[in-house]
Structures are given as structure tokens and as C-alpha cells.
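Please read the structure below before turning to the comments.
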Amino acid sequence: MSFWEFANPRRFMALSDRVAPVAFALAALGMGVGLIWGFFFTPDDFRMGSTVKILYIHVPSATMATSAWAMMFIASLIWLIRRHHVSALAAKAAAPVGLTFTIIGLLTGAIWGQPMWGTPWEWDPRLTSFLILCLFYIGYIALWAALEDPDTAADLTSVLCLVGSVFAVLSRYAAVFWAQGLHQGATFSLDKEENISDVFWFPAVISLAGFFFLFVALVFYRTATEIRVRRLQSIQMRERMA
Amino acid sequence: MIGLIARDLKMAVRAGGGFGLSLAFFLIVVVLAAFAIGPDTGALREVAPAVLWIGALLACLLSLDRMFALDWEDGSLDLLATAPLPLEGVVLAKAVAHWLTTALPLTVAAPVLGLLLNIAPEAVGWLVLGLLAGSPALSVIGAFGAALTVGLKRGGLLLSVLVLPLYVPTLIFGVALVEDRAVPTLGLLAGITLFSIAALPFAGAAALRMNLR
Amino acid sequence: MLDVRELSCGRGGVALLSGLSLRVAAGEAVILRGPNGSGKTTLLRCLAGLSQALAGQVQVDPEAVVFSGHADGVKATLSVRENLAFWASLYGTGSHEAGLAAMDLAALADRPAQQLSAGQRRRLGLARLAVVGRKLWLLDEPTVSLDARSVGLFADMVRAHLAEGGAAVIATHLGLGLEGRELDVSAFRATEAVAAAADPFGEALT
Amino acid sequence: MIGLIARDLKMAVRAGGGFGLSLAFFLIVVVLAAFAIGPDTGALREVAPAVLWIGALLACLLSLDRMFALDWEDGSLDLLATAPLPLEGVVLAKAVAHWLTTALPLTVAAPVLGLLLNIAPEAVGWLVLGLLAGSPALSVIGAFGAALTVGLKRGGLLLSVLVLPLYVPTLIFGVALVEDRAVPTLGLLAGITLFSIAALPFAGAAALRMNLR
Amino acid sequence: MLDVRELSCGRGGVALLSGLSLRVAAGEAVILRGPNGSGKTTLLRCLAGLSQALAGQVQVDPEAVVFSGHADGVKATLSVRENLAFWASLYGTGSHEAGLAAMDLAALADRPAQQLSAGQRRRLGLARLAVVGRKLWLLDEPTVSLDARSVGLFADMVRAHLAEGGAAVIATHLGLGLEGRELDVSAFRATEAVAAAADPFGEALT
């Protein structure tokens, strides 16, 4: 059976009943191991001292924040091209999760910034473009909330997501152009040696996996809920019209 | 009157003009200011109070020309004008609803935004006080301007050209307050607000009547 | 209830109607007739106090009047119920159920007005009358885009209102199925002379 | 399409949204900025390009939510959608009319305003070039945002929350151009504009269709 | 000219009408009837291509259609003439005089539309039809707030249009003085079953 089978709400519900709990367990495992290992069984960093440990929350949430938007981008595309309601609802369901990750990233970053840079906020390109990402999330969610008719809302938010992504990338580079920052480069780049050492890296990867599965589980649960809501709405709608 | 305020708030929220959205708006204003002025925090701190006050002006202006225009277009204004509530009350109610949806969120968020623009911590308190005392004037003055231009389609720019000059005193004292942190300045700010609230609803109502006939 | 003497009213300072006298007693309905542009709306707006008379006087208790125009201030984002509840609260008459019942809107009560058809929307506009509890109704083409049944509902509503000692002045081009005195506005069309007299710049250049 | 642009311009002028008005608006913005930032000319020169670009953003935003909303409310949009001119053309025409009434006056007046904010004379040329190359993007992006929110009454605030983040790149490069006066920057600015003009009318038209059904 | 087969259309993804078939030949006028909320506007918008059909197909040359809805996109700040001229230019048919003549607007030609009475305004809205030179007219309650004489003018305009080989689908509650096939929309009301079938979430949880 093809992947598109799950575009059928009913099939998707069945799938999510099976997948979501597993993903949730994996999330608990990954986050548990990763964070505990990271917090209690890694040495302090010679530069950052024990504050480095915030990395195990900060990096994964920041990474997931960007990934969540990517997922929404794909889901929106699928909706616009193949009109599969589930994918539209999945995008809707993912947005608040992504926003939460973004805010966690911002907060932990700010907390980290205090000791590291002596200021909670610095107009660093990466931080700033992250803030912009946060704004895109808010706009997207607000548009969903503002529109009455669910299909129209799905259409419009999808268009917004596509166009928004392009401009998000644009402003990412514009921001680099605008100011050179003091923020780290990518940890999870292929040549990882370049910036942080294995002792920090392994637990970071594990908790990142944990965060990833958490995202998957939440999106599944929320999408299922959205489907139920839509089901309810359309029943009410039909009653009204009858 | 409460009913009218409640209705306007409800409609604002439904149209996605809710509390959270205004917060997002101010966040954007701050970010844009940072982009426009440049990353170095020194320069930013300089203009921080200006940025926040300009943000308040903006939020006002943006939601202003819809204040009466919608009610005018769908005929509600005729009905309100013949309703028991005097037009003065209508203008005031509109202004209050407008303040609650635009200026209040800013006032609440000011400390955080101040952090982003790293304003001196001791100045933040004054900033909030200033916004509390000054921003109602913005809404009431705005309501008066909206009443003047209600007849015109797309009066957006005209409205702001009429209203912005009236905003100057509030702006000056508001910004000054953050620098000099003096009670008298706060008093002046409050004075302007009180005067506006006392006088402008009548002017606004008169303007509406003229536009309706 | 309404007493108009030698009224002349118009638009933009130019007299359109002149020498119009009209008395409306409690329990009476007056139906304004007249071709497009003859001045029905102008007259109603003047009676409602929205525009001033150029001459003559209008005697009416403003506390007793409710006006309903071509556009029926329905808020698209509010539900039918919320729309009515708002007017009820504004006029300080507790409940809005009367309105829902009068124009048979109960089934639509919780639908956003956005999603109403033209006629349903109009019905909502009219239901407002039953909610505000005013004696004198000034209605401008109330039955526009209503189907036969809804027109019947409206007629019943007006009759009930009259029976309770209310009164109504209704401008329309359509049959309402209401027995009431008819008044053709075009008979009072202001002559050029009157219009010139009313116009402050009338003889400025002559 | 010309007809549509002409109609919009005519209506804008009739409703007092004409050329002179926008000039007045920018004058006020500059004056307000002067008041907010304080008299010392050094600080002013610092932020001058920022002020002018922010002014452009403002003028756009303020006239934005009326761009399609009016046509939507009076039913013209239905009629335009069924007219021979494709909706993409409509969106583009609207954007052009909007640009002519808001950004163009600023571009023309920029030298004078720059003088007021005493920008370095050699920078003024780049400022004007930047506005010419960049401001069309603002109008087109704005048209897209307006198309998204046309269905919502008083979507003003939501509209700006959606649109402003999209303005970021233009703003950054526009302001940067006045500092570094480099052709590549100008190229980037023009690039963004061209991309917006090429892509967004389609997105906007799609949004309108979705709203109309 | 228009050929509709087994069409089902609705609002917000919910089917309102289903199994509606309709052929309109040149020179023919079809009058849509049905109580408020029965789906006339929905159908017309679907025929005009403003909303998509949920099922069935509509065969019509989009280049031949002109639509006129409840709201008649009249621009208040433009004069009557300018309003018509705009549409004429947009549809690439040179002159707008035909419109002025058809609905007897010559006297009002240079007045800002703002200053028109409801009926005059509506006449302006209808005059547009005579200007765009399209074959198939889709009209939604065209005669709202028109007086008897203007209704006559409108009927004449439609007859002339039909005589020239045009066609028209007109939704209305009023008599138009037009001889034409009548179609009661309410006969095609979608059943609960159909509506559920059209709805993608119809069986998500069952």
C-alpha cells in the first residue's frame, strides 16, 4: 500500500494510534538518557564551565524548531498539490509545537547568554533570524485562528508557509550580511571535530533524538485531535445547512 | 457602553487582532528597528524609548481607520446614532476598546522589549508608567481623527496626517520621561491624557453627526 | 406619536421635499411610496433625526424612535445571537429571544452572520426591531431580498407591533400585505423655487 | 490593466490619498523621528536612512489593508475575478497603483528629507537608488499580504504581523546600501524586488481565489 | 451556451445542491426561484466559476460570462459615467453610452455614485451589463430596490439581450415581467447522505 493511503483520515487515525505511543516512549528514553548523561556524567567545559550543560536543551530545541518549520513546509506543499486534508491538519498541528521549541531555544539561549556574553540578548544574526522564525510561527498560527472556513484557512496558511519559507531563508542571509555574530556555528555538521568534542557530542545527539521523537509523538497526537475537531465541525455544518 | 466595548473587543479578537497578536507586532517593530539602526547595542539603547513609543503610535494608526469606517459602511453607525447611547459614549467606547487591544499589550510587554533593546533597568519602570499615563491619549485622539475621516474611503494616509501632529506632545513627554525620570513630566503626560478624554469625545461625536447627515 | 408640519428636507443643503405634513397615531402604519430618487430615504433619515429639517418641524419623542436603513448593520464576524444580544443590551431591553422568534432565526442563532444568505441576513436586520422595544419604527425598504414567507413573518411582526400601540413609517416599492395609509412622496417634490430659497447661495449670483 | 491602475489612482486622489498627502506624511514621520531621537544632529545622521526606510514601510502598511478590502466589501472583487483581466494582473495592478501613491513620492522627496536629516550628500544618490530598487518589493509583498487577509474585517494588525517579517531583507539591504554604497548591495535589493514581482502576484491571485470561493 | 450536468455545489465543502442539470440555449432566460437560503447565490457563484463544483460539470465558455451579485461593485467616489467607463475599458468594449441609455442614467451621468439613491445605485450596477458585451448573464436578485419603472427598463434590457442571441440566468424573489423558464432550486437540495459523501471527513471516525 502506498504512502498516500494515510491521507485518508481514517487510516491516519489508525496509524497514529499505533505510532504515537511508540514515538512517545522513544522520546522519554532519548531525553531521559541524553539529559541525565549530559547533566551529570560530562565534565565542565574549560571555557563555559558548567553552563555548557544547557546545550543539551538549547541545541536540540533550536534544531527541532527549524526542522518543524521544514516539516510544515512539506505538509503545506502536499496539501496544495494533492489536496490531502490530513497533511494540512498536520501542518496546523505542528505549528504550536514548533513555536514552543523556538521559545525554549530563545529562553535557554538567553539564560546561557547571561554568563557567556554578559548579556541575555545580543543582535547576533543567528539569534535575530531565530527571532524572525518565531514571528513567522506566530503569524502562521494567527492566520489559522482568524479564518472561519477550515479549507480556506488550510489553503491560505499553506500559501503563507511557502512564501514565508522563501523569505525566512532570504532574511537568514540578509542577517548574516547585516552583522557578524558571536554565536556558535553548526554542531551537527559532518566534520563535527571542528567545534565540540565527543564527550559533549554523544549525549547531545541522544537528547536531540529524544526531542525529535517528542516532536513526532506530539504532532501525531495533535493531528489526530485536529481530525476529530474537523469531523465535529463538518457534522455541525451539515446540521446547520440541513 | 460596556456592551459596545465588549462587542468591539470580540470582533477584534475574532479577526485575529487579539492580545497575542499585538505583542507579536511590537516584537516585529523592535526587530525592524534593530535592523534599521544596526546591531550595535549602544546606538539602540539611545533610541530605545523612541522606538517603543513609535511602536505605540504605529499600532494605533494601523487599527485606526477601521475604527468607525466598518460601522459606517455596514450602516451600524446610523443605528448607533439613533440608539439611546449618546454618540459621545460611542466615541469613548470605541477609544477604550482600541486602547485595550493596542496600547495595553505594549505596556505589559514593555519590560521584555526594553530588555531586547537593553534599556537601563531603572528606566523600565518609568517607561511603563509613561505608557500607562500617555497611551490613552493616543487612542482618544485617534478616535477623534477617525470620526473626522469616516466618510472617506481609504482615508488611511489622510487620517495619519491629521492625527500624527496631535500625537507630538504625548510623544515628546513620553520619551523625555524615560530620560529625566521626573514626576512632573509624568504629570504633564497624564494631563494631556485627561484633557483628551474630557474634551475629544465631544468633538468626535460632533464630527460623526456631521458625517452622517 | 409622530407629527410633521410643513417639513422640507433634502440632501447637501438642497431641498428635495417641501411642505410635507404627516401625523402618525399609535397603532397606525404609513407606507411611503415614490419612484427611485424621490426622497423616501431622505425623509426617513430626517424623521429619525439623522439629518436636520431645512424648514418646518418634526415633533417626535427621540426616545421612542428606532431607524432601520438600506444597510442593516449586521456584523459579519458575530453570530446571529450575538448580533441581536448586542442591540438588546444597547437598548437596555433584557432578552433577544423575541427577535429570534419573530423572524424565525432560532435555527440560525449560532451561525456567524458571515455565513448567512442575503435574505437570512436581512431577516436578522429586521429581527433587531423586535428586540429594541421602541414605539415608532422608521423602516427603509425592509423586505428587500426576502422570500414570500419571510415577508409574511415581517408583516405579522408589524401587525403585532401596531396592535400593541406601536406605529410604523415604511418606505418600500413592494407589496407588504399590510393595510396602512399610503403616502406618495413624489407629490411633495420641492419646486425649483423652494430649492433655490432653501439654498443659502440660491440668489448669490442673480 | 492600465484602466484598473488609473481607477485606483483616481480614487486614491479623490479620497485625499494623493501625491501631496504622502509627502506630508513623510515630512511628519521625519519630524516625529527628530522629536523622538532628540536634537543632536550626530545621532540623527546615524539613523537617517533607517528613518526614511521605516517611513516607507509605514506608508505602505497604512494604506495596505484597504487595498483589496474595499473591493471585497462592495462586491467589485467578485466582478473583477470574473472579468477578462486575470487575477494575477489585478494583484499586480493594485500593487503598482499602491507603489505610485506611496513609495514613489518618498523616492522623489528623499533628497530633501535626507537634507533635513543631514545625510552625507554623496549618500543621498544611493538612498534614492535604493528606494527605487527596493520599494516596489514592499508594495508587491504588501499586495500579497492584503490578498491573504482580505476576508477578515479589521485584519489590519494581523496583516502587518504577516507582512512585516517579509519586509526584513529589503529593509536590511536598503539601509546597508546607504552605508556601504556598493553596487552588489544594490543588486541584491533589485534581486529581491524582481523575485517578488515575478512570484508574488501569482501567490496573491491564488489567495484571492481561495478567499472568494 | 450553458450546459450543467449532475452538478452539486455548496459552501465550506458542504454540498447544498446536488444532481442539478440545466441547459440554457441562446435567446433563453432561466429564472431561479427558491426560498431564502435555498442556494441560488451559491449556484450562480459556481456557474460563474467563483467557487468550484463539488461534483458534476459545468460547461460554459468563461469568456462569455458576466456575473452580477447582491452587491453591485459601484465605486462611491467615482461618477456614474466613470464607473461604467471603467468596466467598459476592462472588458475592452469601447463605449459606455449604451449602459447610460439602457438604464436611463443619462441625467445622473456626472453625479458621484455616493450621491445616488439605493435604486439609482442599483440601476448603475445593472447598466454595467449593457457595457461588458457578454453573452451569458448570471444575475443575482437584479431588481432589488428598483421601482416599477426601472424594473420595466431592466426587463426591456434583458429582452433586447435575448433577442440578440444572448442568454440569462436570473435568481430572484420578485416578478420581473419576463417570460422565461422557471427553475425551483429547492428541488435539488442536497440530502444529508449526499452532503456526508461529499465531505472528506464524513467517515473519519466511524
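In this document, chain identifiers A, B, C, D and E correspond to the written order of the chains, with residue numbering beginning at 1 in each.
Definition applied: a contact is a pair of C-beta atoms (placed from the backbone, for glycine too) under 8 Å apart; a residue touches a chain by one contact, two chains touch by 3 or more.
Everything quoted here is computed from the prediction, not taken from an experiment.
Seen from the C-alpha centroid of chain E, the farthest chain centroid is that of A. Counting C-beta pairs in contact, the chain pair with the highest total is B-D.
When each chain is reduced to the average of its Cα atoms, A sits farthest from chain C.
In this assembly, the C-alpha centroid of chain C lies 43 Å from the C-alpha centroid of chain D. If you average the Cα atoms of chain A and of chain D, the two centres end up 32 Å apart.
If each chain is reduced to the centroid of its CA atoms, chain B and chain C end up 36 Å from each other. Among the residues of chain C, those in touch with two or more other chains are 70, 76-77, 115.
In chain B, the positions touching at least two other chains are 11, 14-16, 21, 24, 28, 31, 35, 38, 73, 153. Shared interface positions of chain A, i.e. residues touching 2 or more other chains, are given as 132, 135, 138-139, 142-143, 146, 152, 178. The part of chain C that touches chain B in the complex is made up of residues 45, 48-52, 62-63, 65-78, 82, 86-87, 89-92, 128. Chain D meets chain E in the complex at residues 2-4, 7, 10-11, 14-15, 71, 73-85, 212-213.
Those residues of chain D that touch chain B in the complex are listed here as 11-12, 15-17, 21-22, 24-25, 28-29, 31-33, 35-37, 43, 46-47, 49-51, 53-54, 57-59, 61-63, 65-66, 70, 73, 102, 152-158, 160-161, 164-165, 167-168, 171-172, 175. Partner chain A is touched in their complex by these residues of chain C: 107-108, 111-112, 114-115. On the side of chain A, the complex with chain D involves touching residues 132, 135-136, 138-139, 142-143, 146-147, 152, 155-156, 159-160, 162-164, 166-168, 170-171, 173-175, 177-178.
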